[in-house]
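Labels run A, B, C and D following the written order; every chain starts at residue 1.
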Amino acid sequence: MIKIAICGGSGYTGIELLRILSGHPDAVITAITSEKSAGKGLVELFPHLHKYKDLVYEPLNKEKLLDKADVFFLALPHGASQEAVNFFFRNGKKVIDLSADFRLRDPETYKDWYGLPHDFVPTLKKAVYGLPEIYRNKIRKARLIANPGCYPTSAILGLLPAIKGGLIDLSSIVIDSKSGTSGAGRKADLAVSFCEVNEGFKAYGIGTHRHTPEIEQELSSLSGKKITVNFTPHLLPVDRGILTTIYARLKEKTDTASALNVYKKKYAGEPFVNVLAEGVLPNIKNVRGTNFCELGVKVNERTNTLVIVSVIDNLVKGASGQAVHNMNIMMGIEEDRGLGSLALLP
Amino acid sequence: MIKIAICGGSGYTGIELLRILSGHPDAVITAITSEKSAGKGLVELFPHLHKYKDLVYEPLNKEKLLDKADVFFLALPHGASQEAVNFFFRNGKKVIDLSADFRLRDPETYKDWYGLPHDFVPTLKKAVYGLPEIYRNKIRKARLIANPGCYPTSAILGLLPAIKGGLIDLSSIVIDSKSGTSGAGRKADLAVSFCEVNEGFKAYGIGTHRHTPEIEQELSSLSGKKITVNFTPHLLPVDRGILTTIYARLKEKTDTASALNVYKKKYAGEPFVNVLAEGVLPNIKNVRGTNFCELGVKVNERTNTLVIVSVIDNLVKGASGQAVHNMNIMMGIEEDRGLGSLALLP
Amino acid sequence: MIKIAICGGSGYTGIELLRILSGHPDAVITAITSEKSAGKGLVELFPHLHKYKDLVYEPLNKEKLLDKADVFFLALPHGASQEAVNFFFRNGKKVIDLSADFRLRDPETYKDWYGLPHDFVPTLKKAVYGLPEIYRNKIRKARLIANPGCYPTSAILGLLPAIKGGLIDLSSIVIDSKSGTSGAGRKADLAVSFCEVNEGFKAYGIGTHRHTPEIEQELSSLSGKKITVNFTPHLLPVDRGILTTIYARLKEKTDTASALNVYKKKYAGEPFVNVLAEGVLPNIKNVRGTNFCELGVKVNERTNTLVIVSVIDNLVKGASGQAVHNMNIMMGIEEDRGLGSLALLP
Amino acid sequence: MIKIAICGGSGYTGIELLRILSGHPDAVITAITSEKSAGKGLVELFPHLHKYKDLVYEPLNKEKLLDKADVFFLALPHGASQEAVNFFFRNGKKVIDLSADFRLRDPETYKDWYGLPHDFVPTLKKAVYGLPEIYRNKIRKARLIANPGCYPTSAILGLLPAIKGGLIDLSSIVIDSKSGTSGAGRKADLAVSFCEVNEGFKAYGIGTHRHTPEIEQELSSLSGKKITVNFTPHLLPVDRGILTTIYARLKEKTDTASALNVYKKKYAGEPFVNVLAEGVLPNIKNVRGTNFCELGVKVNERTNTLVIVSVIDNLVKGASGQAVHNMNIMMGIEEDRGLGSLALLP
């Protein structure tokens, strides 16, 4: 059994890890932390997690935690994660960090977008960006995974085949994303209160969202060229799900069947990416509670534009599910262990 | 492996059976029927069920189906189920009927409430009402299970300990139920269209809902006296979940702790009923996607009334999950096989 | 023009007053207060209220406000309202208090349920409970209106004809209410965050909700006997609306048509109560944004029980609309002035 | 009083006309038609429209209707509207057509996208596209208004200042729209049933939606050049509201303040367009139930792209409210008559 510690286990990504791992035959949770709820039983906060009735939140005492687990999942706020990641990594543990602290390879970019210096650059150099569809081989050998952001996961998977296949004009990319409200986290905040979100819809952070440099880093790395993108997130009045609509000018005239073919080839054999048939478009509801990314591809021949629609569950493929996928790869076990359940629909 | 046929597999209870059984280590689906979609692949209708990419809907040809499976789940409309149930049962198969056709032991009552004669009374006599918390021993030996209705499951589980414990005045029972919209089935109907249901809430069928005699039959059977109840269903603007609030006058003065004690004792050891601690009340969100029933109990001492709140997922404990639970009991395997996943929250 | 001050104008009842009064031909808002937002323009907080672009929040300085208005609407928290109401009333102003501070005629009952002493009992004696369907004549001559609570409005209007008509056993009343989330107010609170409320449904405060004594006071006053009731509120995942389902044993056998007749007669001529035809049941969606109460009435002859379903918009008939109705009566103008708009549907 | 007939009055745009006109001091509804509900009272279908208790649906008998009204609003399906519009127009009436039949000036384009010939081209030549912000002067003198589509209204108002101001590269326009479900109409259809739409989100009709040529016609007309656009609609799980996010490359480097200035100047004096301050972005909830369009403007200097966010209520500014606005202009009365109410929020 893999012994697992979850640091920062009272937010939505933390309890999603618990939900997923409760069905993982090789995993056992040996510790869970929460500063605010230290001393409380897990089920006091979350009665629906009754399988974990013996788990009690403890404070994040790194030394005390060190020997309790083999794998450390960190679901701490950005900034707060740096030191803990460094500690567990430097002490020989496997670490999967769900914060943004180790995603941006360039510490200057990190500083520009997050407003903080990166204090552990040597450790940062060891981090592997945990998108298995790109970095599977590196993940296999890694001890530190920077688990991707939810928006970047949906956007990068949507663009990967088009960029690798040389289909599109790299200067023309528009990424219009819509996320369910759980993406904002579990918190008391008027802006995410029911009456403000329900029956509403809005854009936010146009051109300034912190997932922008993460998307650009990976697309630039895929293409070998510096790419900037237009990225706009929106807030959907649903619990879960991200749908990202991507537009890019085609380099040459092509049709939907040909573009789809590039996508299907690229993702053949991927356990968690489904490229839908021509004429079928994805719905966030079809991936709810699952680790799947579904992609719809369409060429608009009137405007010579490739349009890709990418959907994921932001808490699963966009966070905790991908983290478990990364763990499975690191541990050399079947990739879909614990991740096989189908969407809860309706 | 248990070979399973699902008759009527294109509605919400049908696809919920598929979702649940996809995680059942001992089950394999060998046939699925739909009159309207016969000839179509399952994933044409439901892309999210990609694990079943080889299943094709066939028409309900009883003779042809007979040898394909050991256990037959029937999710057909009321009335349409009678003959098929009788056929499979008379030919030696195990049958779990999710319709109402075999729930009412008295064919006259069936006729009164459903407007149809019962044409297979000898088979009806063999049916066991599939509420494991009452009939576990009979289910073990049964070959025909009448799977309970969703409202009755929530109401009966809420009242069982109070009635068996002799706590309440049997003439004073009020059952006020609220159900998610999936309870209405998967269909094109203006009354369940998004813009009619969303941001709305209404009662319907006051005193006339067909689940009334089913509730009364079981409560009467528990108490040994003829019980009539006030039952009012309401339509909630959510996908899944039933919350039933039950009121009954207490025979003698008591307090919440004592009443709770009766409930906790009665359900000790039950794998799918959780009696919550004093002061904690259930939420449908905490059982979403699971086979659990959660119960909150409160004595209103000012009015000498017992108030019970009971929640289930109408598609799981209220239909397909309970059906799988019944199968597990009939087959002599662990009761929670395939039913262990935790609630999808948020 | 009637000059109006709103004290506590940054909550949902405050902005609902502004919305309603923006269509009132005789009203002008001359002052609005908010401690937290003092100094800010109203449209900074609420861009959708652009008609009020010149209104600026000021702190609640009673002396300074006194001369600014003829009518004072107070939408302050319970407890905080006492002193301000007393001040404006004692200085000759007309006061409509939307808090609970002047609703309970017995200061001891107030203390028992709200945990606070009432410091202004002589003023309390002058307050009229602002339910026009009962107290229209008193309201006409009043200078201090205790605007009813949302749940009590729905419950009392639902029971009034049955009690006045002597139809029901007064010891048997069950009031099962379901309210939209705006009833919890505008605030940063995890319990009303979108992901906690959406797709959820729960009961709360069984037997202990503070609206209980308010309902009992008015029902007792109507009947001339001391009545206690079972009252259970629930939280609906919608913005607005209360639906209350009421059960009471009938004193004598009767049928739906006869009971309906009692209701229709009682409310004939009432501008804001609609008794629906036999067989028709109300939906909160049909009163959204309006000051109407809709009532459905049904006799369950099997159990000899009267079932009443009452719906209102909790922010309109349950708060700000009823407050404006009371103002219209006090000022001797047409009762439906500013309150004529139809439901926003869908 | 203006006598008004509504042809096709049982859909969402029909009842929205009734809701809006119920507050219009100069309007009286003299006839309403519905083929399916002919003979039924309006309130049988829509109890919430109790102000119209004397209105009875009649079949669309053009000759019989002719003398009943001065202004004819037609909310008929596309195709079905052609003949009726022509008849009322040729007989001297004022006609406001909410279908698409008279929006496309080129009958060939109409045929290409709607699959139908246009049988009344001489009448088509007389139609004025009813977007007051562009065609106010023509509307004043018109007798036939082609009321704009919902998506086009949001998109054209979002782009108008940028195009007239020469800010953007006309070949680079991406229009990503998200609409509430009422846009799909009032109908029994599995695809818009609650359980399919709720908690879901999807794109549809990428590059093929029939509002595309309408948008292109007006943008081309504004710029004097042939423009094609990428237009993608999505289905939001809300009742009402469209949010359109628009991307276009800037011709020259500029900043948000300068771009905003162009927008503010262009719409100065417009009664129903609000350009929000820098840093503020619109939300569909802020225009719910109103005739307002709210615009947020942002320059992404990293990518040299203008991003515009435009929101409307699809049933008001996107349909019935704009139709009433057009009527007011045609009749020479105040433009905002009957259209002054503020958003219902929450």
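By our rule, contacts are C-beta pairs under 8 Å (C-beta built on N, C-alpha and C of every residue); 3 or more make two chains touch, one makes a residue touch a chain.
Just so you know, these numbers come straight off a predicted model, no measurement behind them.
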Of all chains, the one whose CA centroid lies most distant from that of subunit A is C
Give the chain pair, either B-C or A-B, that is connected by more C-beta contacts. B-C
Rounded Å distance, subunit A centre to subunit B centre (Cα mean): 37
Chain centre separation (subunit B, subunit D; CA means) in Å: 46
Using Cα averages as centroids, what's the distance between subunit B and subunit C in whole Å? 39
Within subunit D, the set of residues that touch 2 or more other chains is 12, 182, 195-196, 198-199, 237-240, 285, 288, 346
Inside the complex, what are the residues of subunit A that reach subunit D? 172, 174, 176, 178, 195-196, 198-204, 206-207, 228-230, 232, 234, 236-241, 243, 245, 247, 281-285, 288, 296, 298, 300-303, 305, 307, 309, 346
Subunit C contact footprint on subunit D (complex, rising order): 12, 15, 18-19, 22-23, 46-51, 182, 199, 239-240, 274, 276, 280, 285-290, 294, 340-346
Given the complex, residues on subunit D that touch subunit B span 12, 181-182, 186-190, 192-199, 237-239
